[in-house]
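Quick one: the structure is below, questions incoming.
By written order: A, B, C and D. Residues from 1 in each chain.
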Amino acid sequence: QTGGTIVIVSGQTINSLDLHRTGTNRASYQVAVNCYDRLVSFGTKDAPGGGLSYDYDTIVPELAESWTISDDGLTMTFKIKSDATFWDGRKVTAADVKWSFDRAVSAGGFPTVQMKAGGLERPDQFEAVDDETFVITLDKPSKLTLPDLAVPVPFIINSEVAKANATEDDPWAMEYLHMTPAGSGAFQVVRWDQGQQLVYERNDAWVGGPLPSFERVIVREVPSPATRRALIERGDVQMSFNIPNKDAAELDAMDGVDVYSTPIENCIHCLCPNFNFEPFQDANVRKALAYAIPYEAIFQTAAYGRGAPMWGGEAEITDTAWPRKSPYMTDLAKAKEHMAASSFASGFEVPLSISLGLADWMEPTALLLQEAFGEIGIKTQIEKIPGANWRTAALVEKRLPLHLENFGGWLNTPDYYFFWAYKHGHLFNSSNYLNEEIETLVDSTLHIPMDDPAYAPNIKRMFEIAFEDLPRIPLWQPALNVAMNDAAGYEFWFHRQLDVRPLTTATS
Amino acid sequence: MADMTASTPDTTRRKGDTTLGHIVYVLRDNPVTMLAFAMLAFFLGCAFFGPALVPYDPLATNAARALEAPSWDHWFGTDNLGRDVFSRVIVATRLDLTISVAAVALSFVIGSILGSIAGYWGGWLDAALNRCLDTIMAFPLFVLAMGVVAALGNTVENIIYATAIINIPFYARLVRAEVNIRRHSGFAQAAKLAGNSDLRVLAVHIFPNSLPPMMVQVSLNLGWAILNAAGLSFIGLGVAPPTPEWGIMVAEGANFIVSGEWWLAVFPGLWLMLAVFTFNLLGDGLRDIVDPRKRT
Amino acid sequence: MLSIKDLSVAFKTRKGEVNAVRGISLDVAKGKTLGIVGESGSGKSVTSYALMRILDAGGEIRTGEVVYGGIDLRAASERDMRDIRGREISMIFQNPRAALNPIRRVGHQVEDVLIQHAQATRQDANAKAIAALEAVKINDAAARYDAYPFELSGGMCQRIVIAIALACKPQLLIADEPTTGLDITTQKAVMDLVGDLTRERGMGMILITHDLGLASQYCDRIVVMKDGLIVEEGDPHKLFTDPQHAYTRKLVDATPRVGASIRNLLPPETRTAEPAHKVHDRPLLEVRDLVKTYPGKSGPVQAVKSISFQIKSGQSLGLVGESGSGKSTTSEMVVRLQDPTSGNILFDGQDIAATASARFMRHPMRGEIQMVFQDATDSLNPRGTAASAIAEPLARIAKMRGSKLNARVAELAELVGLPQPLLSRFPHQLSGGQKARVGIARAIALEPKLLILDEPTAALDVSIQAIVLNLLVDLRAQMGMSYLFVSHDLNVVRLLCDEVLVMKQGEIVDRGPTASVMDNPSHTYTRSLIEAAPQPPNPVAA
Amino acid sequence: MAARSKMILGRVAQAIPVVMGVVVISFLLTRALPGDPAAYFAGPAADEASIAEIRETLGLDEPLFQQFFYYVGDLIRGDLGTSLTTGQAVLTDLGARLPASLELTLVALLLSCAIAIPLGVLAATRPGTWVDHLCRVLVTAGVSMPTFFTGILLIYIFYYLAGLAPSPLGRLDFIYLSPPHVTGFYLIDAALAGDWETWLGALKQLILPATTLALFTLAPIARMTRAAMLSALSSDFIRTARAAGLSDRKVLFGYAFRNALLPVVTTLGMVFSFTLGANVLVEKVFAWPGIGSYAVEALVVSDYAAVQGFVLAMALLFVALNLVIDIAYALIDPRIGLN
């Protein structure tokens, strides 16, 4: 039952073994997941698309044995498992946790921003009371704090090893941990050939969860999707991570290959009309866009029906489910009506920007949009922007008049999504949208618990405004596709990276 | 006058003397050249009349008929958006030929000017130019093209410029060598005695003589230019969608081969290959046509 | 020893078949030398390739038989032929430098042949190769063994080629124009060497040449070829004194020799009286202390070392000397294609050297000094027609246009005897003589006062040379031009020039009226030049 | 021989301005790349402040010429900078990846020469015949296909359909361990270690990508061989050799071929640098961890140091290669360096 090797292919390249480091890319987050432990983790539930999924609503212990939260919600006390050890055999102590958290809030960049989302901002909030007791003090209570401790960022590092390799210029041992992880997690990296492969070997002393079934995991980087497909189909590898929708649809129909397509929680592919661009300041024009979009055709050609439709929903908002279907659907007549009613009845020209790095779904979508918008007098030229430029243009400078975008929030609450995507000036609000009511609604809702009486009405109001103002026109909720051949146990995670711990050989 | 009567029995103009007659002769002489010119004519036809003749709008999508295999309706099948591959392949001819011809013309002109100057006057000009060319050549050429397109943005013009830049050294070198061996030739000296300035001697007398070997280079480069554009498309730096272009079609279609939709890549690939093939084979024929010595 | 009967050879070409050799028969006796003479393209070389069976692709022996020492060479297997080539019959070619593998040490090239024919083993090949080199009188053969062809002079290369040919002690040597491209003094040395060696070893030889004078000096018998046929055969003296065939007569007449006037070179029926030309006292060109130094790779090369001379109006001045003596450099400076390092060139009293050659094309005197180039083929733009070549100076300097230009071109063509239909042809469609005429027409188009002729006939057959020389004489009389005539052929200079300069290593070593310099050479160098020139027997006055 | 070493020194001297030119152009090219590396590397949720902070640590807030001086200063100290994508010294990255590209390129060229040169000789000995035409058409077909297309087609046929080729997973299948690092060339390292199983495994992985590249390079080599052979065969010294009775073999290989090698060697140099460029595409298809795929990735994310390092490495390689060719030339041709 335990032992053996599994080979996984992925198209992404891992560029660092340390998530906190500046420049570490998304694919590398898996190292933080597989090699390090956090205090807590999310539970597991059955996923809608088959297989398993993390469960946002259940927090389970990982390194922490138990925790208590003070009544005012400002103090959290964690007891660390007494049998937890790092790979070098040393016991995991609260000092390690404090050092690791200090590092996360001090490193700057993404880890610091993510910690801040849970109200964790400064080292003085963390205290190692004794070897096994760790205390967090918050400035204000937030429902996001505990879940934020379960994301990959606040992972716990063997601080003794790290400090031994720190230098004056590099107090956080960034250079060292970049190449050599030092943790207590389920797997250790035994080999990392950059640009080629990462080899994990199981840590038999792991106490963070059930012992993984595979002893060795090889993650190979194969950039060409066609090659990846051939490999999984022929059974030369057991798992292909993050496969294109088309392959997912076709492999699903095939014997021997299992495909899991999990709609990504809190993530929506949208079309964003930029409010800096004059015609899009006109609500009629935005609505005309929303009615002109050939949703179904896009969903079928760009996503091959993988994921969930985000159009044609009820006009009346009765619950706080998110992502949710917008009340719009393809209706050219209505689109033309709105166009006619706008002050741009004779149409206009606008570039439609897509990212080169995300061309696999953006390009077919853009082509269909281009055709459809032509029908209502909006002429578009498709502009492909290289990966490096995309972030700057779309998110930082927010200068793209009309573009596709796909923000997904790690913390699965609608207000968290709105915080990033609808608040003015925030990174993913690439439409330059500003609505005073949304601003106050988000601020007052973000940290209150979900069972707070103000929560549901606030959320519903946000939805109403969002669908009326349409700074982001939802297209569909994407799915993360994974193909397995002769392996099982796949679990979906919001961070969309590979968790190799629960994988097992196929039971059949 | 015995020497003349002996060697020129008839003084009337023969068929081979006219330019057209000469071309016909060159074509007949070599079956491969004949084939190449026939294919060239075909591609030119596609470029001029293709858009008017194709059965479908190359840009019109039809989600209901996406990814259909070749049939009577769609000779080359349809792509993932239901567009007719045949129409796209034919319509793309014009753009692809434009890219390659424009790029080659540009590098031909610039390379010729630089090469002529260096070859004729020599000295420090020559040395400086050689170092510049060496510098360009020291880049892996495809990577240089990638860099230029990445820096300037991936429009058709920039692809043409990038392709032209990487081809300039070939022309400059070739012309330099050809001009250099002729700069002290008798006919260049004679032209100077006849009152031609250096520039005129170079432009009117010496340079045209380097055309025959250039033609071979031109034909090779026309092919490379298309391949280069295709490679850029594969990296994602090709022309913007939805413009049909062979390279993009092959590059995108390549991902569909393994899943069985071979027609997406194979037909544009075949077309591209045929075009490059045609250009490559054209070289010898073109050279023979511009070479007066091949006239009889 | 060798007997060829009714041999004919044809080539398949674009224009159909070329019958290069059309049924010739000849014999070579042991120890005798047979000369084959004839104009370019008459099939001399093809005959020799055919009997060696090394014809180019497309060539084929159609009929006839070739018997060597009882073996039928046509029927022999390729293997047998390989043993015969080099071992029994060997060949030497013109242009010795090109005939040697440029990247193989000459000693090894000799060894290759020795080993191929089992004349040496790997152990003693070295010694035997050096012996073979010594046999052709190469100084310090052991050192030369390691040399590459480019490190040796032309004459030295020809000796190596001869060494290769004679290494295996063959019975028959075929020498195909062995001395073209060599200086006359070297030519004499090489021919004497070959003659001595064949005589010593009792070998037969076929000497192929276009130079009747040379053939008559070294051959026992001579055959004359024309258009692939043998038109006459006999011993040299008889051939000269009593040529039977009209073509032979033409060749004999056209060969410049002592005692013949320039009109004598033409066939009797076309001879006219030689027009006199008038030499004025006024100096047209005066060259003073002219120096030219080239920046060579290994130090500066002094091509011309302070020479001075004069050309009077209407006078023809000959300039002779060996290869590399600075003749071309001098003429290029005079014609203002090159700038002298120092010195003056006074033309009509004006110092034209003061104007840089790069700007001289706008000088009013540009049209007054023109030149005819050594290699007519090279001097015509391959992409331009004959007419465009002749029109060029008229259009550029005289600014003639349209029908006036065409008329003048036609007039010039008439003047040099170039048929009108040829004007629209490209250079490669013209024969050597026709190209020379185009070159001359272009040079005289502006009616220059001084015409510089840099070996204008060096690449031509004797009969064509005769016509061109006579044309020059006619033009000189008609137009009153002065000539600076550069040549390595003393016999030609004697025919054409009033005075002569002899150059050696950039200096003028001898000068004076042609007759006195030639008949009583004061300088040893002039004497050696004159001795080296082949002297054909004087035919009975025709 | 002094003349030759002088010639070689001269060539090295000529290379210096080239390298300087490459340094300048690669610097300018990278700065011309669109996009803000600072924004890119700040990560998916960074704010203005952290982007500015990163910009400062990268030195991107300095004026351009100052950045250039820093760059040149670092270069002189042998420091190519740190790649932002991989987080390692560019020198280390190149050291790890260059052998992979070189191994692929060299094997491809060897393969290509082994086919193209005999083909060219064959065509030259029978000019104008069907053999000649067939050779021409075949090699031209090879060079007419985009390399990535050939690669994918080969994978589809030989791996996916026929199952003959090993899985296109880079330099070694995962069942093998890479041989101990000596040269970085797996074939050589495995042979040195006496690990023939790995050697075979590495060779198998090489076959498809090398074939892809070789197909692309057949044409220039074959055509140049043919042309050079033709002109060598028609020269006077071949006639002399034949007239001296040398055997056909000796004439063809000892005399004509050795002379024809000169232009072929020059072409080889050009083809080599050409192939290194084409590598970029092939490496992507075959998941080959070479320098080409490194460059593409770096270029797309405007990773300045990595792009510059790559270009510089290539330029040095090119210069070194030309030097080798010149030396090879001098070895074959005694005339070089003396006139």
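Quick note on the criterion: a residue touches a chain if its C-beta (ideal position, glycine included) is under 8 Å from a C-beta of that chain, and two chains touch if they have at least 3 such contacts.
In UniProt terms, the chains line up like this: B, D = Peptide/nickel transport system permease protein; C = Peptide/nickel transport system ATP-binding protein.
The model shown is predicted, which means the values in this text are computed figures rather than measured ones.
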- State the chain with the largest centre-to-centre distance from chain A, centres being mean CA positions. C
- Message: Count the C-beta contact pairs for B-C and for C-D, then tell me which is higher.
- Response: B-C
- Item | Rounded Å distance between chain B and chain C, as computed from the means of their C-alpha atoms | 44
- dist(centroid_CA(chain C), centroid_CA(chain D)) in Å evaluates to 50
- Note: chain D sits from chain A at a C-alpha centroid distance in Å of 40
- Distance from the CA centroid of chain B to that of chain D, rounded to the nearest Å? 24
- Message: I need the residues of chain C touching at least two other chains; which ones are they?
- Response: none
- Find every residue in chain A that makes contact with two or more other chains and list them. 224, 226-227, 230, 233, 356, 386
- Task: Mark out which residues of chain B touch at least two other chains, giving numbers and ranges.
- Result: 150, 236, 254, 257-258
- Note on the structure: A full list of chain pairs that touch reads A-B, A-D, B-C, B-D, C-D
- Message: Quick check on the complex: what are the chain B residues that touch chain A?
- Response: 59-61, 63, 66, 80-82, 150, 154, 236-237, 240-242, 254-259
- Message: For a test of understanding, state which residues of chain B touch chain C in their complex under the given definition.
- Response: 1-4, 7-8, 11-13, 17, 29, 185-187, 189-198, 205, 208-209, 292-293, 295-296
- Query: Which bits of chain C are touching chain D when the two form their complex?
  - Reply: 52, 54, 57, 81-87, 90-91, 93, 95, 98-104, 112-113, 116-117, 148, 150-151, 161, 164-165, 297
- Interface residues, chain D side, partner chain B - complex: 14-15, 17-19, 21-22, 25, 29-30, 32-34, 133, 136-137, 140-141, 143-149, 152-153, 155-156, 160, 219, 273-274, 276-281, 284, 292, 295-296, 299-300, 307, 310-311, 314-315, 318-319
- Contact residues on chain D for chain A in the complex? 33-37, 39-48, 50-51, 53-54, 57, 84-88, 93, 96-97, 152, 155-156, 159-160, 163, 167-171, 174, 178, 284-287, 289, 293-294, 297, 300-302
